[in-house]
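Next come two complexes built around subunit A: one with subunit B, the other with subunit C.
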Partner chain A sequence: MTAALIGKSVSRVDGRLKVTGAATYAAEFEVPNLAHAAVVRSIVANGRIASIDTAEAERAPGVIAVVTHRSAPRLAYQPHKGLPDAAVGERLHVLQDDRVTHQGQPIALVVAETPEQAVYAAEVVRVTYRNEAAATDVESVDPVLPTGKPAEWETRRGEPDSAFEQAEFRVDQTYVIPRENHNPIEMFATIASWQGGSLTLWDKTQWVHNVAEEIAAVFGIAAENVRVISPFVGGAFGSALRCWPHVTLAALGARVAGRPVKLVLSRREMYYGVGYRPHTVQRAALGASRDGQLQAIRHEGHQETSTYEEFTEALLSATRFLHSCPNVHTRHRIAPMNVHTPTYMRAPGEASGIYALESAMDELAVALSMDPVELRLRNEPDKDEFKDLPFSSRSTRECYRAAAERFGWAQRNAAPRSMRDGRSLIGWGMASATYPMNYAPASAMARLLPDGTAEVMSAASDMGPGTWTSMTQVAADTLGLPIERVKFTLGDTRLPRAPIHGGSMTMASVGSAVQAACRKVREDALARASANNIEEAMKRLGQAIEATADVAPGDETKRFSMHAFGAVFVEVAVDPDLGETRVRRIVGAYGAGRVVNPKIARSQCIGGMIGGIGMALMEHSVVNPRNGRVTNANLAEYAVPVHADAPPVMDVIFVDEHDPHVNPLGVKGLGEIALVGVAPAIANAIFHATGKRVRELPITPDKLL
Partner chain B sequence: MHPFVLERPRDLSAVLALGAQAGRNDAPVEYIAGGTDMVQLLQENVRRPDRLVSLAGVLDDGIEIGPQGLRLGAAATMAEVAAHQAVIEQFPLISQALLNSASPQVRNQATMGGNLLQRTRCPYFRDVGYEACNKRVPGSGCAALDGENRWHAVLGTSDDCIAVHPSDLAVALVALDASVELRGAGGDRSVPLSDLHRLPRDTPHLETVLEPGEVITAITVPANAAGLRSHYLKVRDRASFEFAVVSAAVAIETDGGRIRQARVALGGVGTKPWRLSNVETALAGANFEPAVLRQAAALAADGTRGRGHNGFKIELMQRAIVRAVEIAGARA
Partner chain C sequence: MSGAISPALAQAAGAATAPLDVSLRINGTEHRLSLDPRTTLLDALREHLHLTGSKKGCGLGQCGACTVLMDGMRVKACLSLAALAQGREIKTIEGLAQGDELHPLQASFIERDAFQCGYCTSGQIMAGVACISEGHAGSPQEIREWMSGNLCRCGAYDHIVAAIQDAAAVSSSKQEG
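Take a look at the complex of A and B:
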């Protein structure tokens, strides 16, 4: 028997491929007779194309085709809503009319022999516009309720207004998070190749099946006729959940040119061609009694969206259950603007909403002169008070205890500006974190071979969290084979269907499917061969056998409220004269169910912490309110954390948690919760260090002078 | 990217014959050395020269220290100069400024001459999606004046341009009275670094005093700048690999607990590397009392003009000067 592999710190099975450059990313596939595309994008935010002169571009060296709304084939654009698409509205149609609704909108496509020739020709396409007044200043757009199911946008329990008015201690503040872009290191890229009526796409995506279905709907063909291949993704953070217009453009270019076409977005185009975390404005009002019991929570927020889609995220969800409170009001609105549609970015909604909620909780703790951990413990609920359901498991108390102990929280002097190290003001802050447990239908196939090896597969994705490795572990563990005898494959629509690689659901869903398929094939092999170990069974059988399994959630969501919970503790040093903040320590404790690979899970949590540092201290897509252009659309002026910003101490604690209700593997997911709570913990620590409460992220030096 | 011919002359005289001109966007012939900035500008269609003159292999890359002072060949890389033992010992301000610039990869590639001639990070200059930029298209206007301008200058600005000169190296060098040696068709000349860059005034597209065909061959730093107590302080939003929000280069000579003479220059705030003689005069003879330093640093605000988002720099730069002087004074 082999040792149990689930729960072991196995190194990445694809690590060598990645560090040696042998892993093949979307733009790197070698396709014969390849042509290259470049996109002409609008430089106005609203209006119509008055003229578009392609003569010079058509004469430019190497140009095969220049496609505009006048010359583009009419595309079917059949109805299709994938899970990552906005529930209300219609996706952007490319090159179908003269309408411009946002900066950077694709308005022409050039196909040429080389990428340089395509880019040059795109630059000499002459466009004039009929400008119309554009809504590009998020501060001057009046928010409105989304038009979807109303109950989700406004919720109320108890009497929040009167309870707030009567509360002895009150906090009522507004918190702002600017637009942020995902900025994965790998640029978006698509290679499109038609074979008659069938299409093959090599694409950067977090969901191959959705790309196939979306592009099939756009072109009016059957989804079975679209194959999507995406074995490696160089970071995404949610940006590759949706199928964006450039995928359509690549396929359109390939159709017009009659050749395979590659389209790679530039870094600047990444700020226009794919979505972003929307700018949010939130007002959080908390009322409490003298002993720290929450009496009322009123939390409302609005976020930017486009004129053509109502993008919404779970901004206020956690407010309804994270802390116990009898009187709660939430209201979520949107601000439609002349921008392209935002999208999900790591911990969408929760990261933003909990920044406001947990900042307000810290302000309340200060008002009460109460330790912020104690305030949370006094409002620890014994059920989900919004859904009126028990939690399947909830380890918040243990997270607070374990993280506080590791951090040394008991040594904290509560007074702001009371702790110093040389010139630096030291601040300690904390926040709670939560993210829903998501589990979706998934399928996997396992095949045992006579030589005692196994092939296991599912059309999942790995944007970095380690799907390749964790699935190999689950398969080998279940089959009872050494890990090097198991080959897992993902990222191809020809494989059994997996759910979207987002919402922290891959381990729960695909992992459970892999486990089920492996269990099935193993039992089958042992039974058929009348053997009691798998190697012996395969020797006896002498031929491959395989099994496919489908898993799906049952009625557990009706019986339980299921979430991962955590606590984040942070130490910052602030230069009181220069306003620079550096994070010195982060300790995060998480109750996230079973942890399949502690090494990779820790890596994922560290990544989330660093992402949270970016959110708190530097990330900001600076949108020019006058015209909607992203002013810092490059990685020099859009600051993301560098190594020197990562604190020397990033401590990750997984508290012991066994949850039999969530899914067969008992995992809750880690990808998103790792980011949640970091930004408010840092903001709270900065308050503790300086006595200044900054309510607009990022907290750059100018805000602390 | 505009198509261009890459010229690869074999020697300096062949370079000069090609008549390239650095630092103006209407020049049809430009230089490329390390290319760390130029390639970005070409790719983004900001620069559209017809010919690009490679300086690879034709310029001096030596680093020499002698009785006259320091001489840096224009082709020496940022990494080489930053790691040079004599530079570290006698002109640590230069090494510090370099190590606070860019990333190790960029420093391995970028040259001294190219660093001084790198173009502004002004996002309106670098994004051809903006039609208004007087530096890129003379007479087209300035989108920064009433746009997002947290990155922009508060010193040396005009109503036509508020773009910051981005170099850290130039700030350290201008504090040390460095000069640049130029060679052109008309012969050699030496220009104080403080005169190399022009103020934008109403001609922001003319960035330097270089004539067509002229090339920077070396940077010289006088010997009297050696051995000063110095500090290069850089304030930024993240810990590394970012252009300055505000930087201060300070070099002082002390006499007991007093400052005998001081050199002070600022980065991140000026349309060119900005030397502050008024602050220097006020610091001469001063002690290190915070109030005294603060009073001297306050003179840096003379002539500043904030444009909205960048107003905080006026206060921050004074604090940066005070801190840099304190740190320099505390050095052995």
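Take a look at the complex of A and C:
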């Protein structure tokens, strides 16, 4: 037998490919006779295309085809709703009519021999518009409840209004998060190649099967006839959950040109061609007694969405159970505008909602003159008070204690502006974090070979969290083989179906399927060979043996409320003259069930912390309210954290947590919770440093002067 | 809107672009190419030579994913025209290992888990190699400053700095030995 591999810090199995440049991302597959596409996009936010003159583009060197709504084939656009699609509304149809609903909408496609020729020809397509009034300023749009059962969007327990009015201590504030873009470093790319009625797509995606099903519906063909290949994803953070219109454009271009076509979105196009974290306005009101018991929470928020789809996320979910409170009201609304549809961005909903809730908790602690950790401990619930269910496990107390101790929180002087280091104002702040445990149906196949190796596969993705590695660990551990003898494969619709690579569910779902398939094939091999040892069994069998397993959640969601919990503690230094904030230390403690690979898990957590620093201090897609245009649609003007912004001290603690209820592997997922709580902890630390409460992210120097 | 080339630049370049014969020396091998004069070094590598280890993250010199060494200096291949790289010694991520033996920085990137998605990694490593050879890897703070032109959206900075420190230590012990 080999030593246990689950829980071991092994190096990434795909590490060598990544450090030698040999890992192949979507735009990098060699396809013969490849043509290149470029997109022409609208420069108005609402209206109709009055004229579109393609003559000059068609005459340009190397141009194979220019496709507009006048010349494009009519596409089937059959109904299809995947999990990442907005539940209400209809996806954008490309090049099917003259209607323009937002800035950057695709209005023509050029296919040419080289990328340079395609880009040039796209620039000389002449378009005129009939402009119509556009709603592009989120401040001036009246929010409405989303379509559907009001109970889903507005919840109430107890008497929140009267309880708030009667509370001795109250805070009631509005918090704003601007639009943010995921900005993975890999730009979106699709290579499309038709073979008769069948289509192969090499695509940047977090869910190959959904791309196949969406494109099949768009073109009116069977999903089995669309193969999607995506072995490596150069970051996504939610931006590649949906199948966006450019995938359709690539396939359309390939059909019109009669050749394989590659379409790579430019960085600027990524601010229009894929979704974003929506601009969010929240009002959070907390009422408490003198001893810090929460008596009322009223939390409402609204977010921008498009005119054609109602995007919603779990903005207010955590408010209903994170802290104990008998009287709670939440209301989620949307503001439909002439923008393209937002989407899920790392910790969608929780990252935004908990920013407001945990900022308000800090304001309440200040009002009560109470330590913010103590305030949270006094409101620690013993069950999920919204669902009226026990938590399957909840390690918040352990997280507060472990992180506070590591941080040295006991040394904190509570008074704002009381701590200094030279000229710098020092602030210590903290916040809670939570993210749901998601476990979805998944399948995997495991094959044992006579040479003593194994092949294990599932159509999962790896946008960075280490799916390649962690699945290899689970497989080798379960089979009882050394890790070098197990080859895991992912990212191809020909493999057994995996769920979406998002919502922190891959380890729980695909991991459990891999474990089940490996267990099955191992037991089968041992029984058939009458052996006690797997290597002996494989030798004796003399032929390959395989097993497929499907896993799915049972009724545990009816019996338990299941979430990961965490605590984030931050030290900032603020320059009192320049208003610049530097994060000097972050300590995060997480109760996230079993950790399969602590080394890679730490990477995920420090990555979430860096993302949270961006959210708190830098990230803001500046939308011109006059026309909906993003004025900083590039990586020089959309600031993200760089090396010099990374705190010198980053500390990640996994508290010991065994949860037998969540899924067979006992994991809760880490990708999302790692970002949750970072922004409010930083905002709270900045208040502690400066005495100034900034309620609009990002907290840039101008807001502190 | 559609690409990194501005309309003015595209117009100035003109639609009629006669191919240009360009000879590029990459990782010790000479490559003869017939290129559109507008072709960047990065696109020559990726689209014409299938050396896709150098990554395109913006095409505007803002992210550093395309970093290569030109005569030992780090440059952004997306801002360099291929035709102007003629006669220069270009090293890409594909040329860093000696056969099966990884460069010490490649090895320390794996050991320190200095990446997640891997897309910025080639650029980080090429910039890191230069950072060490320039003598800018003396402390974590110095590394952070001199590596800040290479963005990592997965946020692996802490581990990248550790990997560069490790490789810098190997390189200085080799020099001393």
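In this text, the second predicted complex is superposed on the first by the 705 of 705 C-alpha atoms of A that agree within 3 Å, B and C clash if a C-alpha of one lies under 4 Å from a C-alpha of the other, contacts with A are read in each partner's own complex, and residues count from 1 in each chain.
Definition applied: a contact is a pair of C-beta atoms (placed from the backbone, for glycine too) under 8 Å apart; a residue touches a chain by one contact, two chains touch by 3 or more.
On a predicted model such as this, the values are computed, not experimentally measured, just so you know.
In the superposition on chain A, A:G464 makes contact with subunit C only, while subunit B stays out of contact range. Looking at the shared chain after the overlay, A:V642 reaches both subunit B and subunit C. In the superposed pair of complexes, A:I43 makes contact with subunit B and with subunit C alike. In the superposition on chain A, A:D702 makes contact with subunit B only, while subunit C stays out of contact range.
Looking at the shared chain after the overlay, A:E123 reaches both subunit B and subunit C. More residues of subunit A are in touch with C than with the other of subunit B and subunit C.
After overlaying the two complexes on the shared chain, residue contacts for A:T631 are found with subunit B alone; subunit C is out of touch.
Shared-chain residue A:N131: touches no atom of subunit B or subunit C. By the touch criterion stated above, A:E30 is placed in contact with subunit C alone, subunit B being left untouched.
In the superposition on chain A, A:N533 makes contact with neither subunit B nor subunit C.
Common to the subunit B and subunit C interfaces on subunit A are residues 41, 43, 61, 104, 116, 119-120, 123, 266, 268, 634, 636, 640-644.
Per the touch definition, subunit A reaches subunit B in the complex via residues 41, 43, 61, 103-104, 116, 119-120, 123, 266, 268, 577-580, 582, 617-618, 622, 624-626, 629, 631-634, 636-637, 639-645, 698, 700-702, 705.
In the complex of the two chains, the subunit B residues touching subunit A come out as 1-3, 43-45, 121, 123-124, 126-127, 129-131, 143, 146-148, 150-151, 235-243, 245, 312, 315-316, 319-320, 322-323. Residue ranges of subunit A in contact with subunit C, taken from their complex: 11-12, 14-25, 27-28, 30, 38-41, 43, 59-61, 104, 110, 114-120, 122-124, 182-187, 232-237, 264, 266-269, 463-466, 599-600, 602-604, 606-611, 634-636, 640-644, 646, 648, 650. Residues 1-5, 7, 10-11, 13, 15-17, 36, 38-39, 43, 46-47, 50-60, 62-63, 65, 92-94, 96-97, 102, 106-107, 109-111, 113, 115-122, 125, 140-141, 143-145, 147-161 of subunit C are the ones touching subunit A in the complex.
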